[in-house]
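Next up, some structures in structure tokens.
Shared between the two complexes below is chain A, which pairs with chain B and chain C, respectively.
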Partner chain A sequence: MSETAINIPKVQRHAPPQSPDETGTPTTNRSESTPSAVRGIVVETHGATAIAPVIEIDRLYEAPPGTSSQIVRALELLKQAIDFLAEAQKSNTPMEADRFVQRAQLTLPKLFAYRSIGDGFGVIINSLHFAFTNLRGTPLTPDQLNAVWRVLRELRARPVLPLEQGIQRVEELEECGLEVDPPDLGDLLEDAESASNE
Partner chain B sequence: MPSALTIDDFKAFSATCELRYKHGYLIFDRTGHVMEDMRESFPDIALSTASPQQTLFTAEEGTFAIELAACRFTSGHLDKNGETFAKHCKTFFDIVTDQFQIAVFTRIGLRNIFRREYKTEDESKQALASMMLANLKPTKRFNSSDSPTEVLFRWEDAQIGATVRLKAETTEIKLNVPAELQESVPKVDKKSIGLTLDIDYYTVAPVEREQWDAQEWLPQKFRIIKKEVDSILQGGAK
Partner chain C sequence: MSDAYVETTVLTDILLKPKTPKQDRAKAALARFENTLLPVYSIKEWKAGPLDYFAWLHDKLVVTQSLRDTFQALSVLARGSYRQSTSLEALTAAATVSRRYLGLGNSDADHADSYRLALESLIIRSWRKRRKITTRVVDDLSCYNEVEPRLGKDRLFDLSPQQCERDQECCLAPQLKSRPQLLQALRDAIPENSDRREDQKRRKALKRLIKHPKEIVNRETCRDLGDAIFAFFCPANAVVLTTNLRDHRPLAESIHKKAEKP
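What follows is the complex of A and B.
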């Protein structure tokens, strides 16, 4: 048998008329302001303007120098890698290009440390690492160089990519002939043996 | 002389993080899914108010609101760097953006409110006037007070904006207890005189979902707010 309902009125928080350019909060009441907007007409003057381009990633995560933020450090490393790859694209000789690619490759282990930024981030960095490993020192072709540069630029613009989008970028790398899967365990053991013999 | 106050002289009152978006129409279908997903991370979460336009949930951690064009989390339990706050925001916003299939945020805002209590209204007004934030001679204006009792600054470009508002004010907290409960529940009628410091840090340009991580962005902005507000309170020295 159900109980007789007792109607305890809820304490209503003030629902202040929010200004379109302020972050809403349930605990402030700005109702002392004289309302000036005509009810029902919304004039959008800020971020909601559809034609506005998306925010620059460096502005979104702008931080004082020496910040400990993971994403800020990852963005710095990605910029370094992208710049090296851009230099490689501009290089006159394959030898010079390869030197820049090798410098970009050196940022990958550091970037791997920040894979917790997102699943997409992790899968791309991991795949690039294996792509370089599987090349076994063979220089990137111009197409492969462009693809790696493009994927890293995309990752820098959207570092919190979900896994599915990360996999799509990895497929772009595969389409230009890069092998992104880890080498067989046998190969790894072979490498380890030869390294210990040296 | 610039004020000797720093942000540490104020007590954190609340922090709110709000996401705005254009097409949250799935609010009409998936609010229940949001609630179910939230229960996994916030076991004591309870529905506070529900309407087609806005649903409020409350939990020990704070208040969650979802609306057609915005969602927000407000908490009064704040750690210094906002890391716990950021963790709760990430959980909540990930659920809402997944369920409502939001791809772009038209605005992301972090609003931090601090309070410093004074014994009298005059003291709080004097404290605000002593900061000399507005370059105005103290004289009666608009047939009202000698000095402004509220000062608001806004900085904004095409990507990022911020407001800092300081107000000498008396805050009233009233809880009207129903007549039948008045014997067992004490009536609440509290007045607090002081300075309110209200900072709103927000994005102006749209943000794609794949760009933004609450757990990275929020603690970073907590630090920036502290640094910039200290500088403003100290008379603008960087």
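What follows is the complex of A and C.
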């Protein structure tokens, strides 16, 4: 499945600023939300204090090609990886699927270079790297493929993720049988234990 | 079938040794028992020991920003008070010359960051799993607060508290003091001439409990009792499940209980 950029008109600099809804009426139904007057952005309010502007991530970090912005480059790479994984999901043979997964895997070192975006981002990319390392070339199962695709999609929608939420995504990867820790961490602890027993 | 009373070493193997034969064995052992009981004392020892060691390693990576320097620091510490282990030497060498087990990135600083993130993740995930690996968590310690590991603004871990509350008698004290004959048997099971510090401390703590039952059992005494706590509180229909049979078997057998390896 491909991520499709939504064509939203550009926000004008002179557009009126957003103002939070102060109606005091909590709403949970999308149909009851209050659209904002800001052109090009739909702002949904959910109660007096909750304001949820629905801005696509591509719109939020829109930048000309070749930009040096870390987050824009990271979003591009994430899109590549997600598209490869989506192709893998649609593949007719396991070998074809694995070819696409390998291409997604190759984006991980490049994505890791943008880990300063946030520790949630870093911990997910890092865990995926170790998950692939621990698989030792074994192809992902369909469940694992779906989980990796879903986690990367969520990361792309919210790249500036706190560590806590990043770890929740890592737990989702673990739940589908991926081993997300470096294979030699256990050895380090063994060393400390054997040393302390001397 | 008997129940398993899970000791700290088994908890550690399951939570902190991913992808190792020890973890596989520990998980398989738990699966053999219908009821698996994790005393909170195991959690307390695990947090103050193995988990704290990983937190130290994490913090060293934060401070040095170098995987090579971190392994070097580790090997110096090992040389200082202990032996330098073979695999530690291998890891230090790996950090210098091999990329087999290294994390993401191209530089030593990148690899350090990859391991830092991996340790953050493992420390926090293992803490969340600690109460889920057995069928029950038992023997709560009212004098000990299970506070989750926290990352400070300086990016260093804070694992406090690692001990029970100060100025409060150990909540296990009344039960311990009510069975002086068991305490004596446990003390007799520890070799009198042992030159191991933990044996000496355990014998001393048990002696104090036997001879001075009116004295307050403080957190130091509770900590020094260590392995004896497992033998004492292990239910009659359970076995102490531990990888450290050398210490636990004599203690358990001295009071007609059993200790087993996973």
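Following the convention adopted for this analysis, the second predicted complex is superposed on the first by the 131 of 198 C-alpha atoms of A that agree within 3 Å, B and C clash if a C-alpha of one lies under 4 Å from a C-alpha of the other, contacts with A are read in each partner's own complex, and residues count from 1 in each chain.
Going forward, contacts are C-beta pairs under 8 Å (C-beta built on N, C-alpha and C of every residue); 3 or more make two chains touch, one makes a residue touch a chain.
Note that the coordinates shown come from a computational prediction; the quantities given were computed from them, not determined experimentally.
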### Message
Applying the document's definition of touch, where does A:126 land relative to chain B and chain C: first, second, both, or neither?
### Response
second
### Message
By the touch definition at the top of the document, which applies to A:70: first (chain B), second (chain C), both, or neither?
### Response
first
### Task
Report for A:56: first if it touches chain B alone, second if chain C alone, otherwise both or neither.
first
### Message
Looking at A:161, would you say it contacts chain B, chain C, both, or neither? Reply first, second, both or neither.
### Response
first
### chain B versus chain C as contact partner of A:106, first or second or both or neither
neither
### Query
What does chain A use to touch chain B in their complex?
6, 8-11, 21-28, 46-48, 50, 52-57, 59-64, 67, 69-72, 117-118, 120, 157-162, 165
### Task
Over in the complex, which chain B residues touch chain A? Could you list them?
13-14, 16-18, 20, 22, 48-49, 56, 63, 65, 70, 72, 74, 104, 106-107, 109-111, 113, 158-161, 163, 175-176, 178, 180-181, 198, 200, 202-213, 216-217, 219-220, 223-224, 227
### Summary
Seen from chain A, its contact residues with chain C in the complex are 108-109, 112-113, 115, 119, 122-123, 125-127, 129-130, 134, 163-164, 166-167, 170-171, 174, 179-196, 198
### chain A-touching residues of chain C, taken from the complex the two chains share
12, 16-20, 22-23, 50, 53-54, 57, 74, 78, 81-85, 87-88, 91, 94, 101, 103-105, 110, 113-115, 117-122, 124-125, 128, 151
